[in-house]
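Both complexes below contain chain A, partnered by chain B and then by chain C.
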Partner chain A sequence: MNIEIIAQMVVSGALMGLVYALIAYGFQLTYATSKSINFGQGELVMLSAFFSLTLLNIGVPYWLMVPGGLLFGAALGLLVERAGVRLALQQKSEGWILLTIILGLLGFSSAENIWGRDDRPFPTPISSDALHVFGINITPLEISVAIGVFAIMGLVELFKRNTLLGKAFEAVSADRDAAELMGISATRTIMLSYGLSGMVAAMAGILISPITTVGPTMASALILKAFAVAVVAGLDSGFGVVLVGIVLGALESLTSFYIGSGWREAPGLVLLILALAVRPNGVFGKATIRKV
Partner chain B sequence: MLKVENLHAGYGSSEVLNGVSLHVKPGQVVALIGANGAGKTTTMRAISGMIRPTSGSVLLDGKAAQGMGAARIARIGLAHAPEGRKVFGPLSVEDNLLLGAFSRLPHFFGFHRKAEEELQRVYELFPRLLERRGQAAGTLSGGEQQMLAIARALMAKPKVILLDEPSMGLAPVIVQEVFNIIRRLKDAGITLLLVEQFAKSALEVADYAYVMEHGQIAVEGTPAELNKNDRVLAAYLG
Partner chain C sequence: MLKRFLLLRGAEIIVLMALASVPLMVNNTYALGLLTLLAIYGILLIGLDVTVGYLGQVNLAQAAFLGLGAYAAGLSATMLGYGMMASLSISMLVGLVLGGLLAFPALRLDGPQFALATLSFSALSTTVLNEWEGLTSGAQGLSLSRPTWLGLSMDAQGFYWLCLLMLALVWMLMRNLLASQWGRAFEALRDSPIATDAMGVGTYRHKVAGFALGSSLGALAGGLYAFNFQYLQPQSFTYDLMVILLLGVVLGGRKSLWGAFFGACLIVLLPNLLSNKLLFELISAAGLLLAVVSGVRAWKSKSTQHFQILAPIVAMGILVVGGFMVENTENWRKAIFALMLFSVVVGLPDGVMGYIAKLLTRILRVPPADIAAAVSLDTVLPKRESDGQTLLELNDLQRYFGGVKAVDGISLKVRAGQVHGLIGPNGSGKSTAVNVISGLYAPSGGEIRLQGKRLPSGSLLKVARVGVARTFQNLQLFGELSALDNVMVALKGVYRTPLPLLLLGLARAEEQRAQGEALALLELVGLKAQARMAAKDLTYGSQRFLEIARALARKPALLILDEPAAGLAHPDVQVLITLIKTIHERGITIILIEHHMDVVSELCDVVTVLDGGKVIAEGVPDEVKRDAKVIKAYLGVVQDDAPSDAVDRKEAPAC
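What follows is the complex of A and B.
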């Protein structure tokens, strides 16, 4: 075994893992305030990527496309909250599981109708010419993924810690009833969390698209892995997702190199099954088991 | 200041309150006493909007508040320090206090500066909280958490504060400390509705008191009157 090849695999896998972590972080945001998540989050990633691509195609400069895409993702997040989650939460039912899955399916068929089934390249001004660092090839494009992931997570965390609204977000997560007694509207805070979660998912889409291309199914495998990361790290574990994401990404890339590319999805599934076996009623209990 | 009339409320289909009426005048401390399960906490919750009353009215400073959500009732000037304190455990003491003033402060920047004066005042009243301002509220002792819950309610500069069993689960010395604080709040002119197991101590600070039994007010009067009532004496002050 060549240590340099292993290092190469670990680094490029870990970068992919950061994207899983980012999507998993989006799950954590809504779970914290409402104990619910959007099961159609993968479609949200995909739709935001398509929307961003459309912005580029109509001539919007790359660096303006990014905030545009993020806003679109946030708007979709708000839509999911309004249409799929709010009523179910008010009735203390788990209807949000089914409703968010249905919204996802709706998003999928809309994408097929609007943009077609083909995968399309996503142009980027960031170079993909490899740099050599300690014998490892890494492209500026890959580095931009890491920077993007940490930048957006860092921004959201700064918001949570340093603004009163962010502290209110934490208060609702800690004790919803007590937060209401302070005059904090739990409904609005949950909206905020869905908006942020949508924004984070859109960021994942924008970051990954130049590497994977954009198509209706671009996020189906991605979302499963993000799920695995969220379940293993715990839906309330803060930055645990980053660690688990990196490990899963590295494992995947090693598996596909040494065992065969057909086995690429294996580590994620094994991890998910293990996590569910170890804590079957784990972090989101019934919800996870139904989905899987 | 706070006028509750013929309030009915409960959980699901079971009715707990059947027609509670009480009145808290500006600057008064009013005590609500009664046996376990009488419905004192439920009364507090129905007033502050944590549960929706099925009928009856709640007037806060003349404004009808019944049926509004808890957040809106808080914004019109009612602070409820709930049973079991319910501080925000992962957040710091100071963040808890700032959140107490949530509806008065800017939500993004400058909120700390705007809250400074009120923070100073609260820290003066609770020096222990100043020492622990950076500590996670969940790691405070029970007594400190109770102080924080009261301080957090004060931060809102509310018209009325509902205080539900502030002495619950505290050592006798700390209970004394809590009652000293209540006395100081009363001297400062704060309007309070106080639920207490320690009926005797509650009657010592209160201007007026209600005794609750089975979801209704059974007896009411000034502490002097209740101290002369044989039934109250036997059941609650013995």
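What follows is the complex of A and C.
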């Protein structure tokens, strides 16, 4: 085997893996406050990408489009919380799983009809001419994905640690009842977490679109891998998702090279089922004690 | 009773006859195709309803099982030359085995993890069907021809009757199964997995069995699907189909065979409904009307939240308005499903058939099913002779949570036939001790012996099965089940009919006996009149008594009551005391955790006092109350003139 090819595969796979990690990070944000996740998160990624593309097409400059797209994602996140999650959480049921799937379906169908079923290119000012580093081809575009992922995750973490709202977020995550007794509204904090999660999803869409193109199905494979990353790392594992994302990305690009591109989804799916069988709380997750 | 029987069975037979006679009256290939598909989807949805309705889990793998079953049957017929029945059996076997295997990882999971496991399984099976080209011919698709049945070649009409026959069989067997202890166990584990284990029923085995059963029905439907279309492609069994299937079950109505049937009708007719614009507008208008009417009624009764009323109206409103604005409704197929599904999930949780069934029951005055007469209490709980020997023995029992020593070396003996009190201030380790004994937690050290034998550690189920029953301080009832069913789930020593006979409906005598025994226990705790009420609708006090009746259904040697008087009103406390005395007279040994000292004084033969995870005193109640260490534990300081009944005044709330 040529070691350079393997290294090339690992590096470009790992960069893709960072995007899975970013979406998985969005799952963690809502799971922390409400023990729920948005099963239609992939559609949020896709809709935000389409919206951002539309902004570019009507002449908004790239660097203004980014905050616009993020705001749109946050708004969608809030909508999902209001329409799909809040009622089920109040009833202490798991109805949110079904409802978020349904909302995702609605989003998918709307995108198909509004923007069409074809994949479209997503223009970007960042160059995609390969640079050669130690015999590996890497593009500035790919580097921008890595920077973007770490930038938004860093910003959200700073927000959580250094602002009053962010501290409320941490308080509700740690102990919802105690936080409510201290006068923090859990409902609003959950809204906040869905808003942030939507924003993170939008960022993922903006980052990945120049590489994968934009289309209604752009996120359907992406989201399965994000689920896998979130579950394998653990839904409360913090930065564990980054490591697992990188490993999974590399693994799947090697799989598709050596076994066949049709099998590229398989490692994530197998890992997810294995992780649930062996370590249901994830590799980096915390074990919970059953209480009565 | 007769009226109920005639109405229920009559409806089934009439619909079956009507469906069977259609091909004799109309000669239309298209209609026949739809009807065949209806029978196939009926079987598929009945299977899906086991997990989604009874087990209460979001299952996203049923479309995959349809596909796997279809390929299994198709390949058996083409490559192995099997006949119709052999191929279908292979399908079911594949569904059963793969469903069981998938359910293993789902062992301790519920909520998002379970749904994710099934979602990954679906995606994985699509990948395998697509990529394993040597076997499945991949994306090109697999052509096959319909095999013979008993040497007869089947035309479209014959095949339709076969599918209908299968549906009728599945319907009958599932009706018997779901009305039995199995169906109750499925629902029980949905409401409280912990109590299902603690009542000796077994959460895990029922979950796996339920999921495997539902999957094998999905695969059976897949086999029929293969022989119906005689051409298979992996793309037919993806996520999109799964969402449509969920639509069918949820819209039709969960936990209902008729709901599954209605859902199947809907799925089969949907493409036609969507392609005809007028029909679509009529349906969406009817949906809006339904949402508004049921919304107004709900608003009047003030029982539901505004969101539950408004959201379906808004969703159906969008559907109606959208229907006028959009030219081609087929393109918006998924959005239409989504809006309909959303309205039903939010506004009509029982589904359309659930709604209709309630309405019809009221209009036709269908009486509820009879309950067998209560048997005498002596049959259910025969008096035990107690020899006063040690029944339960704890030796240096420990349980740590990280650095917290919740139970730190407790040793005590509980003698047969006694009421043994366990008291102590909040956080003294009483509940943890009981949780370790009953198997919720494994001990960190020490041992527990019941009648000299080591008690299984760390398994609620195993401990329950050797004769220890318990109640829970924070109630763990099966909320959706009736009071009677709550007791029947836990009943020990009644259910003996083997599964095949039970499926054929030959367990009726046993079911009658179970009802009689359960009713006797309800009578004992004073809930006979509320037997049919759902446990979640009972008053708080009644729920506490129901927990005791349910624990007694285990016919236990040792009964652990974890703060049975917590939150009870004073008159109820008196009733509770009388009840515990009656149970005591039957020779059942009782461990009583309680904060009400009057209750403890009146009932207990011996009291053990815990503090900081250790035993600080033991003896008859009056002695213990005067013990200086006990008073110190409760009040913090020892005063010379401390009143002797200081403990009486302490009525701490449940911790």
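FYI, the second predicted complex is superposed on the first by the 278 of 292 C-alpha atoms of A that agree within 3 Å, B and C clash if a C-alpha of one lies under 4 Å from a C-alpha of the other, contacts with A are read in each partner's own complex, and residues count from 1 in each chain.
Rule of thumb we're sticking to: a residue touches a chain if its C-beta (ideal position, glycine included) is under 8 Å from a C-beta of that chain, and two chains touch if they have at least 3 such contacts.
These figures come from a predicted structure and were not determined experimentally.
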Chain B versus chain C as contact partner of A:Val200, first or second or both or neither: neither
Touching partner for A:Ile184 - first (chain B), second (chain C), both, neither: first
Chain B versus chain C as contact partner of A:Leu141, first or second or both or neither: neither
Chain C versus chain B, contacts on chain A by residue: C
Touched partner set for A:Lys167, first chain B, second chain C, both or neither: first
First, second, both or neither for A:Ile102, with chain B first and chain C second: second
First (chain B), second (chain C), both or neither touched by A:Gly260: second
Residues on chain A lying within both footprints (that of chain B and that of chain C): none
Chain A to chain C touching residues, read off their complex: 31, 35-37, 39, 83, 86-87, 90, 94-95, 97-99, 101-103, 105-106, 108-110, 112-113, 220, 224, 227-228, 231, 235, 260, 262-263, 265-266, 268-270, 272-274, 276-277, 280, 289-290, 292
Parts of chain C lying in touch with chain A, wherever the complex brings them together: 56, 58, 102, 104-113, 115-117, 119-121, 123-124, 127, 130-131, 194, 239, 243, 246, 250, 305, 307-308, 311, 326, 331-339, 341-342, 345-346, 401, 435, 440, 472-474, 476
Residues of chain B that touch chain A when the two form their complex: 48-50, 69-72, 74-75, 79-80, 82, 86-91, 95, 98-100, 102-103, 105-109, 111, 152, 156
Residue ranges of chain A in contact with chain B within the complex: 163-165, 167-168, 170-171, 174-175, 177-186
